[in-house]
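Note that the chains take the letters A, B, C and D in the order they are written out, and that residue 1 is the start of every chain.
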Amino acid sequence: MSLEENPDSLILSDDPLHPANLIPELCRNFYQLGWVTGTGGGITIRLGDKVFIAPSGVQKERMLPKHIFVLPFPQPEPSPHTDRESQCTPLFWNAFDLRDAGSCIHTHSQNAVMATLLWPGSTFTISHQMIKGVRVGGTGRALSYLDTLELPIIENTPNEEDLKDSMGEAMKRYPDAAGILVRRHGVYVWDGGLHSTFVFVAWICTHLIFQCLDYLFEIGVKMKLAGLETVLTT
Amino acid sequence: MSLEENPDSLILSDDPLHPANLIPELCRNFYQLGWVTGTGGGITIRLGDKVFIAPSGVQKERMLPKHIFVLPFPQPEPSPHTDRESQCTPLFWNAFDLRDAGSCIHTHSQNAVMATLLWPGSTFTISHQMIKGVRVGGTGRALSYLDTLELPIIENTPNEEDLKDSMGEAMKRYPDAAGILVRRHGVYVWDGGLHSTFVFVAWICTHLIFQCLDYLFEIGVKMKLAGLETVLTT
Amino acid sequence: MSLEENPDSLILSDDPLHPANLIPELCRNFYQLGWVTGTGGGITIRLGDKVFIAPSGVQKERMLPKHIFVLPFPQPEPSPHTDRESQCTPLFWNAFDLRDAGSCIHTHSQNAVMATLLWPGSTFTISHQMIKGVRVGGTGRALSYLDTLELPIIENTPNEEDLKDSMGEAMKRYPDAAGILVRRHGVYVWDGGLHSTFVFVAWICTHLIFQCLDYLFEIGVKMKLAGLETVLTT
Amino acid sequence: MSLEENPDSLILSDDPLHPANLIPELCRNFYQLGWVTGTGGGITIRLGDKVFIAPSGVQKERMLPKHIFVLPFPQPEPSPHTDRESQCTPLFWNAFDLRDAGSCIHTHSQNAVMATLLWPGSTFTISHQMIKGVRVGGTGRALSYLDTLELPIIENTPNEEDLKDSMGEAMKRYPDAAGILVRRHGVYVWDGGLHSTFVFVAWICTHLIFQCLDYLFEIGVKMKLAGLETVLTT
C-alpha cells in the first residue's frame, strides 16, 4: 500500500531507531530522569524531506508512535499546521532553517529557568568547565575547556509561537551559540546532524548537547548561589 | 454474577485504564519519582456514580486493585465510611461537590510544604512562569504566562478530616484556584474532568495540573531562597 | 531434609515475603531510591526465634537470599557471631531487647547526617509536620501533628559495635523515641512489629517509620538552612 | 577459532561478570543513578594481561560489549592507541602503573566539581564522616572514622591526556590518596583489586570506593555551604 493509501506508513516501522519509535522511547527516558514533566517540552527529528514532531498535550511517559506528527520539509506555504500539533513547531523550524539542524529539543528544565533568573542580562556565560560536549553553533568544532560558552537569553511571550522572530534574531546575532535560553521558560537546543538516513547519529548529538548544556546550567546555578565566579579571566 | 452477588466486580477489570487498575499503577509511578513516600498522600477518581479511592495505610508502591475502595456518588446520608478508608475522603468530596471534579490528588510534597513555610500569608503567588498547564479553578481556561497564579493556604489540623470546612471555605473564596495548600502538610489538586467514561482523560488532567503546580512550588521555593521576586509587576 | 541436614533451608523459600527474599528485594529498592550506597547501612527482621540480617560488605543492589545471615533469638551466650556478619548486629539487638522490635533499619542517609550537624545538641526536635507515621517508642500510638518529635543523638565511635552501650542508654533515657541518630554517621529506626509470622506487617512498619523520619530530617534541614524555626510553641 | 582468527572473542562471553559484559551493565546503572551524563566519564577493568576500556563518544546507557576496547598489559612501546579510544586511557594507566590497580573510574560528578571549587587549595580534606569504605592508597587498610581523608586536587588541562604527568606526580606525592580530583572537571578513583580472574571483586571495590568518595564530596559541599567545619581537631 502506498503512502497515499496509508499515511500511517510514515510512523510504522520495526526499526527501533526510526524517529517515530525513537522519539517516544526518548520521551520516556527523559521523564524517568526528571527532565520533562507532564506535557512540557518537545522533540523533533528531521529525516531527509520529513520532520517528525512529538505532539503537545500528550504525557511524555505515555507517548506512542501513533502520536507523532510528520510534516514535509521544506514547509509548503501556507503552512498546513493544525491545532493539535506542537506549539514548538515554528521554533523547531528556526533550527532547521538557520542551522541546517538534524534535530531539536525543548525543555522547561529548572536548571535552565534558574540560569535565566540568575543571569539577568542577555546572555548566559560560563568558562573552565566540561564544555567539550558542546559544538560551536551546535554544528561546528567542539568547544575547548578554555573557551567561554555564551548562550543568548530571549524574553518569553505568552504564546510559544511568538518567540519565533526573537529566537531567530538571537540565532543570527550569536552564530556560535548551540542553544537559546528563554527567560522564565526553558531552553532550545539543536544539532547540525546529518538530516540523512543517519538519524540516530543526528539525534544522539542533540541529546548529548542538551545533557551537556543542562549540566552547565546546573553547575552554573550552584556556583552563582555559592558566590563563585562563573567566568575566569586567566 | 451480579454486583450484589460479587462486589469485587467493581474493581476487577482487564482494562488498564479502569480506575482500580490505573490508581495502583500511578501510585507506583509517583513512588518511583519520589513524589509520595510510605502511606502519605492519596488519589481518587470519580467515574459516573462511583468514586474510587486509594486507601490510607497501604504503601504506594505495593498497592493492588483489591485495595481500592469504591463509594457511591453522591454520598448517601449518613455516610457509610469505615475506619479503614482514606482519611482524605471528606476532602476529596469537596472537590467533587464544589468543583464538579473528575479526580483529586493529595500529596505531602516537600516543595508544597516549603512553599507554605516561605509564603507565611494566606496565599502562594507566582507569575511569569510556565503556568499554562494550570486551569482556572482547575476546570476553566488555561492560565497565561502573564497571569498570576494564586493558591490559598489553609492552616493544618491534627485530624485530616477536620480540614473539610476550612478547605471548602477557601475553595469558595478563591474560585479560580486549581488547588489548596495546607500549611506544614501538603497540597490538594483536582480537575473538572468529565466524570464520565472518559476517566483516563479526567485523571490525566489532574495528574498534569499536580505536576505543573509542584513544578511551580519547586521553582518558587528556589527563587525565594535566592532572594528573587516571585511576582513581577510589569 | 531437616534443618540439621540442610541449614540453607532457613533462607530458601518460594514466599516473596519470606525475610530472606524480602530483605534483598528491599535493599534493591532502597538502592534505586538512593537511600543506601555501596555496602553502607543494614536491615534485620525477626521472625519468632530467628533473626535474619543483611550482611555487611555486600552491595545492596546485588544482595541474594544466600547472603542473608540467620541467628537464633534470644542470643546464646557466648555469642556465635562471626567476622563476616553485619557490624550492626549488636545495635539491632538493642532494638529487639529494649523495644521488643520486629525489625530494624540502619542507614547513612545524608538527611540524617546533616540533621546531626545542624542540631549540635543531644536531640533532634521538630513539631507541626507530618509526623503521624511515627509511633511513640516505635511501638505505641501514632504521634499527632501537635506533638514534638524528639530523637536522641549519640556521638559516633570508630567501631560500630562500640555504639551498643550509648545507644542502649539513649533508648532507655528516651523511651518515646522511635529511632536513634548517630552524629556524623546515620540513623537506627525500629518497629515493635509482631515478631510473629506476620513478618511482612512488622517489616513494613519499620520501613514506613524510616521513610517518615527521613522525610522529617530532610524538611528539618531545609528549614534550618532557610532560617525557619523547627519547633513551634503555640 | 583462535584469537588471531577472531579478535572479537576477547569481548564475547556468556559470563555476565566478564568485563565486556560488566562494563556496559554498570554504565547503564550509573546513568540511571545520574552519576554520568552523555559520553562523559569512563571505566576500565584490568584482567591479567588484558585491559578493558569503555570508549569515549558512546552514550553510557547505550553501550554494548562490542564497543569495549581491549588493550594489552603492559603496554607495548610505541603505544598502539587509536583515535576512537577513550581519552582517559593514559590516566587509567597511571592507576595500573603506580598503584597496581585492578580497575579505575572517572566521572564528571557535580559533587566532585563543586568540591574542587569550594576547596580552592591543593587538597580536599574531611574527617569524622563515614569514610570506612575508602582504603589507604585505594589498596591498603580501610580508613577509620578518626582519620582525615585527604585527596589531591590537580588543575585541569584542555586535553585530558595532558593530565597524565600532573596526576602521576600527585599520586606519588600523596601515596595514601584513593583518588585524584581534577579542578572544574571531575575525579579519578581506583582500587588495587586482584588484577586476576577475580575481576568482579576488583571492580566492585573500585565502584564502592567511588560511591563512598562521592558521598563524602556531597556531604562536604553541603557542610561548606552551611558554614560547618569539615575537619575536626579533637
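To be clear about the criterion, a contact is a pair of C-beta atoms (placed from the backbone, for glycine too) under 8 Å apart; a residue touches a chain by one contact, two chains touch by 3 or more.
Nothing here was measured: the structure is a model prediction, and the numbers come from that model.
Visitor: Figure out the least number of contact steps between chain A and chain C, where 1 means they touch directly.
Guide: Minimum number of steps from chain A to chain C: 2.
Visitor: With over half of the numbers shared counting as same, classify the chain B/chain C interface as same or different.
Guide: different
Visitor: Hey, what angle do you get rotating chain C onto chain D on C-alpha, to the nearest 5 degrees?
Guide: 90
Visitor: For chain A and chain B, let me know how many angstrom lie between their CA-based centres, rounded off.
Guide: About 32 Å, centre to centre.
Visitor: Using Cα averages as centroids, what's the distance between chain B and chain D in whole Å?
Guide: Taking the average C-alpha coordinate of chain B and of chain D, the gap between them is 45 Å.
Visitor: Multi-chain contacts only, two chains or more: what residues does chain A have there?
Guide: Answer for chain A, listing residues that touch two or more other chains: 32.
Visitor: Provide the full list of chain pairs in touch.
Guide: Pairs satisfying the touch definition: A-B, A-D, B-C, C-D.
Visitor: Can you name the residues of chain C that touch chain B in the complex?
Guide: 29, 32-33, 128-130, 133, 144-146, 204, 207-208, 211-212, 214-215, 218-219, 222-223, 226, 228
Visitor: Taking the touch rule as given, give the residues of chain C at its contact with chain D in the complex, in rising order.
Guide: So the residues of chain C in touch with chain D come to 32, 34, 37-40, 59, 61, 108, 110, 113-114, 117-118, 156-158, 184-186, 225.
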